[in-house]
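What follows is a set of structures to go through.
Common to both upcoming complexes is chain A, partnered first by chain B, then by chain C.
Let's look at the complex of A and B:
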């Protein structure tokens, strides 16, 4: 750091020092003989809101804990700003973590909980109390400062936990499933509060969640994890609209995945033929005849009609029998059995659906436009994600 | 809910269990109350009901050891012994409990070795300790061999209680403290100990009462001078006055005071936590 200060203007040096950019380089974590995560390479830009998203057991919490310093990577490097932080305690990293259950100390009042960090730094009683009160005012809980944690509601406890973390003046705030303990109403409200807090503070937030809408609503950067590895790290919009792999497409939930062999290539629109004979036309793409290609089609980009006598060689069209309908307010989720493998789902907007409501057992035809067919980078193997974690290394 | 559609009637098992509980209460408190009443027996010195001319003379006799045994001397040994056992049990159980939280090699074997002393008959242990002390040329005393014998009894209980308490203590409290810059020592002092403090009181209570009441492990290990349970036992064989009942009453009251102090402090701590300061 001293070198940087000599070579650069002072302001640049202090900016680098304050940077909350997180870089994980070839990080792996092994528990016993199996890997929790492996080959993790990820850069989270300074000041961004990043969500680590994945099913339970995918390793997202392990990554968070390695950034926080509560877990040591088996190999690889963790950088925060210009510091290699492996082996350093959280306070030296400039991180603060908010735990899933908040971990408020049950024997201390709200005020003493928030002042705990200052007490550990031997700040005098008056000074730390006034700073903690100031922080409590910011989260609008000053009136509860003498209460004990058990007397607070879930949302209030969360705000205390936030205040207790923020009083350390962190560069990076790490949140481990912060909203999972709250009911639906409070969850949406706290979600909004987290987002505006991050905007206001301008520090890096890393937020672990298994809830897709939460990640999409909050994050500048969504990191979708499969068992122990990162499948895609991108903006929320790209993750939802342009998933790279069948796993991401399925996990984000808004997509149908189809796979076929290339039957027309070159400069014309590419055509695939699926095992069950469906012809899928996409935009031109650089694949060779006979290649297996997987595509995803958004559920809300699908046309929907009662089955007519369709031409035998219909393109971008799929027929089947409705097995479930679910009213969602602005749209109806229609699940259709198309004969092979996983059902096809169309999210039909309510005005179209209710013009002629189709019910379970009705035969329907679904269609889509070539420009709405998104080509995936990986061929669908039918599995959620290739498992590689238990092989011996 | 049930097929009979009646809301009021209780199943027969309720009455069976209620009877069982009643018998339990009678067997537990009946003798205690009888002893309590008869300790106020008058000068007739009758050891059985009825109570005639109630007086406090047998309490007086108790602390005036002309005819009775050395009760106050025995109490003067039992009380410090129980307090030492209590303090050591708390210290050792708490530190061992923390050690066992991280699974170290051989943890299970050590745990079972510690717990095994619960199933060794107390009298056998007592004889073994005496023989060993003789062999080593040491004299048995309440604060050496007696203390060891009592610890072999109180420690396993303390350990089991601490395991139950620390097992429920979420590691995230310690991690949160570490996250907020607390050193290992301050994490223990400012976070862990205050959280598990009610459990430590429970361990202390067990340590005290197990030692204060202990007979079989005291029998041959306390040396020439008796602890209170041994003194009482001796008195039952050679004292035939209600002073025996008076002694029973006094020791019971002491036990109740100890329990009341322990439970009272737990209640106060928990109230403080739930109501705020």
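Let's look at the complex of A and C:
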């Protein structure tokens, strides 16, 4: 009932049929001499919840703004449904954007904020008021309709922003870090609400965030971005469990990355030897002897024991000294210094850990199974983020 | 607990407020009070000012048609100048805030607006003569291109030239407050409006203009008080053909008729206060500034 009322007659028919699929083809955006994003090829299916994930400055907001029409790509094409939308204003694209700071008009009441779009379309005063009230009822803020934005809490302001975006009846809703201004409790609640809203509306959501758990919890499709490039676009599960690059593995936070030279190839399980002499056994893979290969091992797939007599030629085993332990409730995050490179992290389930709690300074041995070693498509070259943003590259 | 610290802190508070209060009393309250008192005094030919309590000065002024025509002329100038400076000021500020992307360039252009103020008022006014005069730049150009046969008389020493000088002198007072309130507008508000389907005009009308109300009100206040209080520009630029409400005061002062000058000043003060009240009725500046 509410849903029918919210649809405004002018655009309801078109939006119902039109696809909210987004296609970016070879998109690049240049600011001055440097590229904000480059070589962006991405298809976001109609009706999916897509999260653009990356550290600040990686270009995710630029992509969002190019889809929204607030930024024009330097080159490349942006398609929404079967329309090439570059150069078109936002309303013609069928997109609506929810801004990071919500961008509510401070001089207008909540009701007038929500009704703004209808006012711009010259909908009569009575008609637009009743539609806006209906929309406010949907976000449960009807009782605040005469307040000014400054009189609302952050969470309420966000709902108003949401209502103001949805009243345009968009095919695509673009959300720029929508949860970053909220406190933890509210963030989790709004996260759930966004997800169920997307389920209910069935339109495409594109959500920019720098928080991994947020992306994993919400998205059908996660797009992990490095400086100006897409590293991997996949389901949340694939991104977390089977990252393609060392950068994604590290950025998602649940993985340890190791690199070694192939010392056994062929039909047998492949073996790598790292610079520090650790032997890593994986499932068979098509690499040649001497190739450099990077692998990732999930933190929660690591066996953990106090160090016994060091066995020579141990396979899939790594010893070191604990430098930090962090209790996380259902597991304990144990950070181990393994001599060279970055520390190794094991998430040890609490019942195993507290049987014999190890402390900082204790020597421990960690081990893992070959089937839990995930081979990355790219060799680790140290820190992620190529310096390609300089035009000279 | 004990009264001593309270009394002490009260004393500190008074001491902190004292300097400004003293300045205001000496330079504002006392002079205004004096003017009000003198306005009720009597002026006697050859004798001068005689302490008295008479409303004759006011009656004289208000029944004199010259006063009314001077006020009407002044209000006419005020209104014309207000409209022109607002249109200019708003668009210049709009350009500086929303179209100049580079902050340094914006500041540079902003400083450029202040260039006229590097010279004195008189020089700025006199410099209009070679431009607007009978054999000035504009007339010469128009005659040489054959558009007109004889020089335009209304360019200089006319209401036109007065308005030109006012606009030249006072537009900056409109630009600055509008620029100030405009630059505090969150740019994402404009994008949100465009996102909701607003046209460029729609954005200006529905978002920028309402959010600049404070600046516009302050700018209008500056311009109104400056034009209403002027007698110099109007007499120089009109060649003595026009006067302003303040010219009356100036004339009375020259005849040493202080009481009537004072009464004139009080009336002018009341008129300006009424206009200011009207402006603040339209825009709650204090509320907007607190925002």
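Assume the second predicted complex is superposed on the first by the 375 of 393 C-alpha atoms of A that agree within 3 Å, B and C clash if a C-alpha of one lies under 4 Å from a C-alpha of the other, contacts with A are read in each partner's own complex, and residues count from 1 in each chain.
What we mean here is this: a contact is a pair of C-beta atoms (placed from the backbone, for glycine too) under 8 Å apart; a residue touches a chain by one contact, two chains touch by 3 or more.
These numbers come from a predicted model, not from an experiment.
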**OP:** Kindly say whether there is room for both chain B and chain C on chain A in the superposition, answering fit or clash.
**Re:** clash
**OP:** Quick one: classify A:117 as touching chain B (first), chain C (second), both or neither.
**Re:** both
Original post:
After lining up the shared chain so the two structures overlap, which partner does A:109 touch, if you call chain B first and chain C second: first, second, both or neither?
Top reply: first
Subject >> Partner chain in contact with A:151 - chain B first, chain C second, else both or neither >> reply: first
Original post:
For A:168, is the partner it touches chain B (first), chain C (second), both, or none of the two (neither)?
Top reply: both
**OP:** Would you check which partner chain A:91 touches, where first means chain B only, second means chain C only, and both and neither mean what they say?
**Re:** both
**OP:** Please work out whether A:70 is in contact with chain B alone, chain C alone, both, or neither, and reply first, second, both or neither.
**Re:** both
**OP:** Please indicate which partner A:31 is in contact with in the superposed arrangement: first for chain B, second for chain C, both, or neither.
**Re:** neither
Original post:
Touch check for A:354: first (chain B), second (chain C), both, or neither?
Top reply: neither
**OP:** Indicate the residue numbers of chain A shared between its chain B interface and its chain C interface, in ascending order.
**Re:** 68, 70, 89-91, 95-97, 99-101, 103, 105-107, 116-117, 119-121, 150, 164-165, 168
Original post:
Of all residues in chain B, which touch chain A in the complex?
Top reply: 170, 172-173, 175-183, 186, 190-191, 194-195, 197, 273-277
Subject >> Complex contact set, residues of chain C against chain A >> reply: 186, 188-189, 191-199, 202, 206-207, 210-211, 291
**OP:** Flag every residue of chain A that touches chain C in the complex, lowest number first.
**Re:** 68, 70, 89-91, 95-97, 99-101, 103-107, 116-117, 119-121, 150, 164-165, 168
Subject >> Complex contacts: residues of chain A adjacent to chain B >> reply: 68-70, 89-91, 95-97, 99-101, 103, 105-109, 116-117, 119-121, 146-148, 150-151, 164-165, 168
